[in-house]
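In what follows, a structure is listed as structure tokens, so that the remarks can point back to it.
Every chain is named by a letter (A, B, C and D) in the order it is written, and numbering of its residues begins at 1.
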Amino acid sequence: MLEKLKEEVYEANMQLPKLDLVTFTWGNVSGIDRDAGLFVIKPSGVPYETLQPSDMVVVNLKGEVVEGKLRPSSDTPTHVVLYNAFPDIGGIVHTHSPYAVTFASANMDVPALNTTAADTFYGDVPVSEPLSKAQIERAYEKETGEVIVKTFADRHLDHDAVPAVLVSQHGPFTWGATPAKAVYNAKVLEVVSQIDYQAMTLSAKDNHVPQYLLDKHYYRKHGKNAYYGQR
Amino acid sequence: MLEKLKEEVYEANMQLPKLDLVTFTWGNVSGIDRDAGLFVIKPSGVPYETLQPSDMVVVNLKGEVVEGKLRPSSDTPTHVVLYNAFPDIGGIVHTHSPYAVTFASANMDVPALNTTAADTFYGDVPVSEPLSKAQIERAYEKETGEVIVKTFADRHLDHDAVPAVLVSQHGPFTWGATPAKAVYNAKVLEVVSQIDYQAMTLSAKDNHVPQYLLDKHYYRKHGKNAYYGQR
Amino acid sequence: MLEKLKEEVYEANMQLPKLDLVTFTWGNVSGIDRDAGLFVIKPSGVPYETLQPSDMVVVNLKGEVVEGKLRPSSDTPTHVVLYNAFPDIGGIVHTHSPYAVTFASANMDVPALNTTAADTFYGDVPVSEPLSKAQIERAYEKETGEVIVKTFADRHLDHDAVPAVLVSQHGPFTWGATPAKAVYNAKVLEVVSQIDYQAMTLSAKDNHVPQYLLDKHYYRKHGKNAYYGQR
Amino acid sequence: MLEKLKEEVYEANMQLPKLDLVTFTWGNVSGIDRDAGLFVIKPSGVPYETLQPSDMVVVNLKGEVVEGKLRPSSDTPTHVVLYNAFPDIGGIVHTHSPYAVTFASANMDVPALNTTAADTFYGDVPVSEPLSKAQIERAYEKETGEVIVKTFADRHLDHDAVPAVLVSQHGPFTWGATPAKAVYNAKVLEVVSQIDYQAMTLSAKDNHVPQYLLDKHYYRKHGKNAYYGQR
């Protein structure tokens, strides 16, 4: 079932090592079929070298495995929460890419300091608040999804305009209209995190872009007046 | 038309990923035929893996597309301004290379701290002043070119001796006698930015090279008394 | 003798350059057959390009060469001490990987700041105390092993839960149930050291993970209740 | 003439891009035949992709070209001074490798903070004093050699025990018994410079290795009591 989506999710997973976003098996991509109410996700702990499209696991929006011989990613409950809370997204990515994890380790947002950020993220990429002891012991991966959703709600952020988050002291989750777009956003976040790390250790000033530059670059690439790329 | 120039501009564009200067499609190279008054530029948002010489777009010095099935780079109006203002240059490059963007994000010049810089840039590579809200909303890419030209005029810089600029909170533009030379300058700027970032986070002193060392290295490679390389 | 183990140790050694953990010949892996009381180790100073499984040297737990045409790694006496002190480990790795050596140079632990660390190391990776002049002049490589063992004893650390150490101003040793697991731990230590270096130069705060997050991530992957990966 | 030495110098030059020590043509290696009183050096400004053994230029110890169709490296007069001053060395390397140039830009020695340094350099790698205006205008490349020699004399350094220098605000020169050994030393200097940069931005303490650790590691690999590697 969902053979085309499995292929698409497999290809998106294989982009992670190609884009230098994962070490060993530390990453996963999923993609959803909204009509079927099912998503497809990488199995847990399988090396990219041996991964096959048929290894992908099919899961429903309650987090139950519907098809698949292998166990799904241990982060599956986080994906379930995000698909339920953000009904317009089509794919989700989690990695431990080193510059994004640097900001997560320091519990700091990745600020919008330049147009490289503004082209993709309409403002700072937020770091979540830390999970409490109770949350971690109760249902860790599910609560990870809940804290992401709460971060966007508390800070009045639009998850389509800022399709990324850092989970405190953990790492990045990104999403998008498709699995491939979510992978694209994961790479942009890593590049922006590298540049921001460097800019912030080079200069102690607050170098946020002004709102009108953020508007210009974001809307040059997004929305009905976008004019970047081919029609 | 301009088949040879298209090939040359295509080859120069393909150097950007080879030299680790671009992520995804975030860069463009153009080259000009001064006799024809036309330049050739990469199409907007086309991946390097599928790019062909025949995809290059021909544009005149008013910024009008003269030939080409695809839309030209969204930065085309910036190239137009630079070709008109700097009548001796033959090629222009724009990238989001991470160390150069680091200095742009911090609104800092890339200083001449060593002979690696002095061999190519006769002094600091300037960061432009920020574009105003009015400039950004009026004609963003054209105004980007204007602010580059104004930076060189205000600071009495020779655009041949310093063939590079950082647009404030955006990134580098470089140029040269040919598209290939402009790409060379883009790589030098990235390497010098990396070294400068490291030297400036290692030592808080002002480590500018003295004028006579700058003269020696720059003129060892440029002008009628140059003696580096083969005749 | 021990042909299968030689092959395994050879393969583990060849992972070091593939995982960017060594420059030139600066690294070694060994693996032990506990029943035979013998271990197999890389010969000293042989380039990875020419290394063969048959070059591996067989050594007993007194440090005597039992088989092999080549001299064993100069660090062999350190391996002997560790195999004797830690009777459950099956493989040992030593490298000069640059981020781990950065912390060793600064005589600093690699702290647990994020789940990337917590997945593998149940707490900070310790730096040993420095070897004294007498220790260095007496039996340097043997004393290196002794100081590692003393570090774990003095700090009440479990060498299975934290399978890595930095020898002061020298570099990392890691171990594991097999040579391949020890190599895995060496790569994790390098990645965690890179992220920690970046997080600590970005933020001066103490960003240690709380104990309950450390527990959650470590026991998600280790012990009888682990649920990461396939069964 | 000197066909074997040309091949050896060619091979050593080709190691520079393989070891990530050069960008474009920014590096050169030479090797000397002491009996003939002649050395062989890379031609100036020739790309590594097209370089051939037959392109190597033969130069005598007065700096005169004895054989070769191409112009020798513009740094040839520096090599001449070093071969005359250090009569036991067999090869010389110059690069603009970025971490070594970082220390040169900051006018700082590369300190011995760890055994990775101590294995190759018996103490800190010195940065030269700056060349004066008169020296630079007089005979720049020859004076570069003279200031290196003066640095070793003034600081009472043994050029065999510390086979490397940073020319102030310029970059590294290294040497060795053969061209290949000089290349090896150039790579070690770059790796040590990277680690030192990181250790010094991580910790403000003076983390020099004690003399007895320096002795142990240096003499483990050098001199009549060395026991690293194969006999």
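The rule is simple: a residue touches a chain if its C-beta (ideal position, glycine included) is under 8 Å from a C-beta of that chain, and two chains touch if they have at least 3 such contacts.
The chain list, named the UniProt way, goes like this: A, B, C, D = L-ribulose-5-phosphate 4-epimerase.
Nothing here was measured: the structure is a model prediction, and the numbers come from that model.
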| item | value |
| --- | --- |
| Most distant chain from subunit C by Cα centroid | B |
| Residue-number overlap at the subunit A/subunit C interface, same or different (half cut) | different |
| Centroid distance [mean C-alpha coordinates] between subunit C and subunit A, Å | 33 |
| Distance from subunit D to subunit A - Cα centre to Cα centre, in angstrom | 46 |
| Where subunit C touches two or more other chains, by residue | 201 |
| Topology of the chain contact graph, where touching chains are joined (line, ring, star, complete, other) | ring |
| Partner subunit B, residues of subunit D touching it in the complex | 23-26, 43-46, 70-71, 74, 96, 98-99, 101-108, 130-131, 133, 136-137, 140, 169-171, 197, 200-201 |
| Contact footprint of subunit B on subunit A as seen in their complex | 113-116, 184, 187-188, 191, 194-196, 198-199, 201-203, 205, 207, 209-210, 212-213, 216, 220, 227-231 |
